[in-house]
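Two complexes follow with subunit A in common, the first pairing it with subunit B and the second with subunit C.
Showing the complex of A and B:
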């Protein structure tokens, strides 16, 4: 499970990306080592989601490098990036509402053309993490609650047996209790399965507690980085992201 | 569970039953609006007199009848609404009725299929019904073909008739110019139509919804206009005549000595050919259905449906949306091409008039009325649209009116189409065995 410790699994170097004339990423550097959880925090519009989408090739990087396992993927077509076993749970969950839970999960497995045995073991793992999904297998995705939909979105991403899992705001709009269940599941995936995770969050408190390391993004630039506990101690982080968020 | 829901919903029902005064007021307002509208539309009739001057006369009797109908109708509708209760009420259906209905629902498709197979036997001597059945089956096939594009992949295509035309002209031109037989031309017509489907697909890859609809509409018109204007190839508005009839693997169904009847030693009858055409289109339609059902269970079919649901999520999952869309267009177009080749061989004559936007709209209406994505729904809708339209023939000029009203009512009562639910394509072998502790955890 462990890659050579000197080379990061994902290395981003001076990455620029833009929507038309609006520059969303203005030279981002970021490393994710195999087996760690990295949190990316920042305010609305800082470019967190754009960074995640750019890793997936939409929008394309204007300049800079995105190296996954030593290979530059900044020009690889989106559907082939998923085949390298980078999975994402996109912002707003985006499950398929009229398809059943089982079909939603199968969609995740389709892209990487998993074998029947891999599919079955993937399902078993998802059911131990999220037992509720097992009961809801034949239900339509759109009839699930918000928390269950988030579980489904993560489960769907897991079905492609990812080496890197990227989660965009997994706690958005969820009750605190459900959000904690989701974070617990992410921790379990990291500790027990050695899964590498990039988590984009506005809920900085939760995310930094969970993560080994964190990055803070402001206006398309990384302004701060450090271990999760280091960042949690910084007064500017507390002022900007925690004091307001703690009440919730 | 159901009891609790109905109890909570039933309580506000009693408080908002409108009184007699309310009903009368509403009916009076409706009648007043009708009076204003109809006074000129119905109350006064103008016509050209014998010397060309304008004459008019009044029809106050008809006007009064219409206004009275609106008044009475409004009261009836309001009373019906009270009797039925609020929209949100959960109605408890007895278990026996429910199981009976579900049994009937499962039997509809097999019974319909068996009946279809027997149609030429039952109605052997009724040419009119056989012709109508062939027409209905043609539209069933077109509906199933378009269903791949619109129902499964969710790409609104208003120019489907283009592929129907490509198929028909492919067969007609190949058969009349090169003397190729129907069975050689049929796959060629499908391939050519699929090719045009891909050609249409490329420029519209980035379009969705309304924009896609406009471009496909234009594409359908372009194909028709090219056919009209390219006189040297297509014969223009005069069309193509003398398209060969299909043969039973080389044996013509003609009265001559080498005809099928003579070889079998039975007396020739023109009905043989009609029956043959019937089974031909039935086989083509069932092929369409079978392929679609099989594709739905494969990753490509699931990708079509996922594309309909959420294109961004598809990309995040690593689905190649380009090939997914193009295969949907190509598959749908191919079946349209098959149907077109059949149409050409059945008619023996084709002209651009058969491939107007009206056909696209009709096929799309069949798909939407049937319930997008439902195979059985599309078949029932084609039967209702084409067969029903013939049924109303006795109503003369009111036929369109009755038909339009029926469609509006259907869309009010069943906004998702006749058969709105979709059957899942992935099943778990162990989904019955849910252990008790898991169930408890879920409830908590």
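Showing the complex of A and C:
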């Protein structure tokens, strides 16, 4: 709120994090500007998901800074980070299986204090992007198909009216048609609603086409960064993440 | 038939008390995955606080029975809830990320602490109270002269249980706190990513469970007219059995299990032998666990993700 308008919305500086003795992040620097889609690509185990979770303090950063809107959030309790309006559709989607779709969405709305009107317009926006969720409102989350669960995970995140939306592998395990629908929705949210997005993807081709900028992560370090199209042209990216086939 | 009807009434009353305690076991198990072995003793504490509050009110010269009962109910719920909160805070929370058995062992320790604390503070002797609520209705006079009776205290126990269960069901299904509790039960990490204060939610679970146990303690005091420092042990194990029978983790299951255990125990005492009523209750548990390991209303662990 006090940050000058040209400062990044999220600034990560020499971030270290570990699970026990295993170092997962070994000095990560990453910026996300307001209004951008930033893609983070890399092989399995590179630390992409860990980076997203470390932003939420799970695990806690060992050292380094995570600045959101000029405020260092690396020591803020996890549940309070959500209230700063950072939202995540995490790895594995993590839908509440024994809650209805409506309740799952309500959990997102509960994360931040929103008025009845904001909640209604949020729901309406989600139903425009994912009409299928509307038909499923009273169904239990655990009974949805994979694609519907992904839509719900994104919808739930959107209900908190996020300033930064983080998506971990939103296309994982989905049929190409459904994956396209998800990517289209992310693009629409960015272009039409001005939403800032950090997307982690194994589908580097899709992600880099969608993103304004991208980062490549290897073994807990950022090794490359650039605009989406720049990265798509780099031979080492093509070899490792595109032509070599998707890494499962 | 008349005899059976009378036993049915008695069984349902006893079952209501077990059910109220069983909810505390099943809620805590659902959210933190541990058996809170001190919960039966929280029920005992509730009984004592009800007794103490009652005596204080009477010594102040209060005579309006409904008013006394209401105050006793609220005070014992509040103070017992504080006990529940404290037990979680000092004995379980520090061990939450320890090995799985640690909080359970700590719970057994807490159970001893509460039992011995009550014994030292209140004495080892059984504390009787004169009947506070008397009278009742004769439902039916059988041909053989057997009378089916429904006493006022039985009505109060069942009505209080039904009202509380209604409130509690509403809380869990329709309020923010209830939703947060279910979210923590299903995925604590995700709940915290969505702004749920997991520690606070777990604390509230213990508070609510203890408040319901306090009601059970007060009902026990009114119904049997006595409390003692050791009453939490057997009642706690019965209620735990009820929770497992109904399906641990399931709230309707806890209530159903409570009613069933109450009925089994009463019927067994009525038709077979009083001495073996506990054997009957626990045998049913064993049989159910062999054929229905998740209990009557429990859900199987497999869930589509």
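Basically, the second predicted complex is superposed on the first by the 240 of 248 C-alpha atoms of A that agree within 3 Å, B and C clash if a C-alpha of one lies under 4 Å from a C-alpha of the other, contacts with A are read in each partner's own complex, and residues count from 1 in each chain.
The rule we apply is simple: a contact is a pair of C-beta atoms (placed from the backbone, for glycine too) under 8 Å apart; a residue touches a chain by one contact, two chains touch by 3 or more.
Everything quoted here is computed from the prediction, not taken from an experiment.
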item	value
Joint occupancy of subunit A by subunit B and subunit C, clash or fit	clash
Which of subunit B and subunit C A:78 touches, first, second, both or neither	both
Touched partner set for A:134, first subunit B, second subunit C, both or neither	first
Touching partner for A:192 - first (subunit B), second (subunit C), both, neither	neither
Contacts of A:233 with subunit B and subunit C, given as first, second, both or neither	neither
Comparison of subunit B and subunit C by subunit A residues contacted	B
First, second, both or neither for A:63, with subunit B first and subunit C second	neither
Which of subunit B and subunit C A:112 touches, first, second, both or neither	both
Touched partner set for A:143, first subunit B, second subunit C, both or neither	second
Partner chain in contact with A:96 - subunit B first, subunit C second, else both or neither	both
Clash with subunit C (superposed arrangement) - responsible stretch of subunit B out of 56-64, 74-82 or 326-334	326-334
Residues of subunit A at both interfaces, subunit B in one complex, subunit C in the other	56, 58, 77-80, 82-83, 88, 90, 94-99, 103, 106-108, 110-112, 156, 160
Touching residues on subunit C, where the partner in the complex is subunit A	176, 179-180, 182-183, 186-187, 189-198, 299, 303-305
Subunit C contact footprint on subunit A (complex, rising order)	56, 58, 77-80, 82-83, 88, 90, 92, 94-99, 103, 106-108, 110-112, 142-143, 156, 160
In the complex with subunit A, residue positions of subunit B that touch it	299, 302-303, 305-306, 308-310, 312-313, 315-321, 422, 424-428, 431, 434, 438-439, 441-442
Residues of subunit A touching subunit B in the complex	56, 58, 77-83, 87-90, 94-100, 102-103, 105-108, 110-113, 123, 131-132, 134-135, 137-138, 156-157, 160
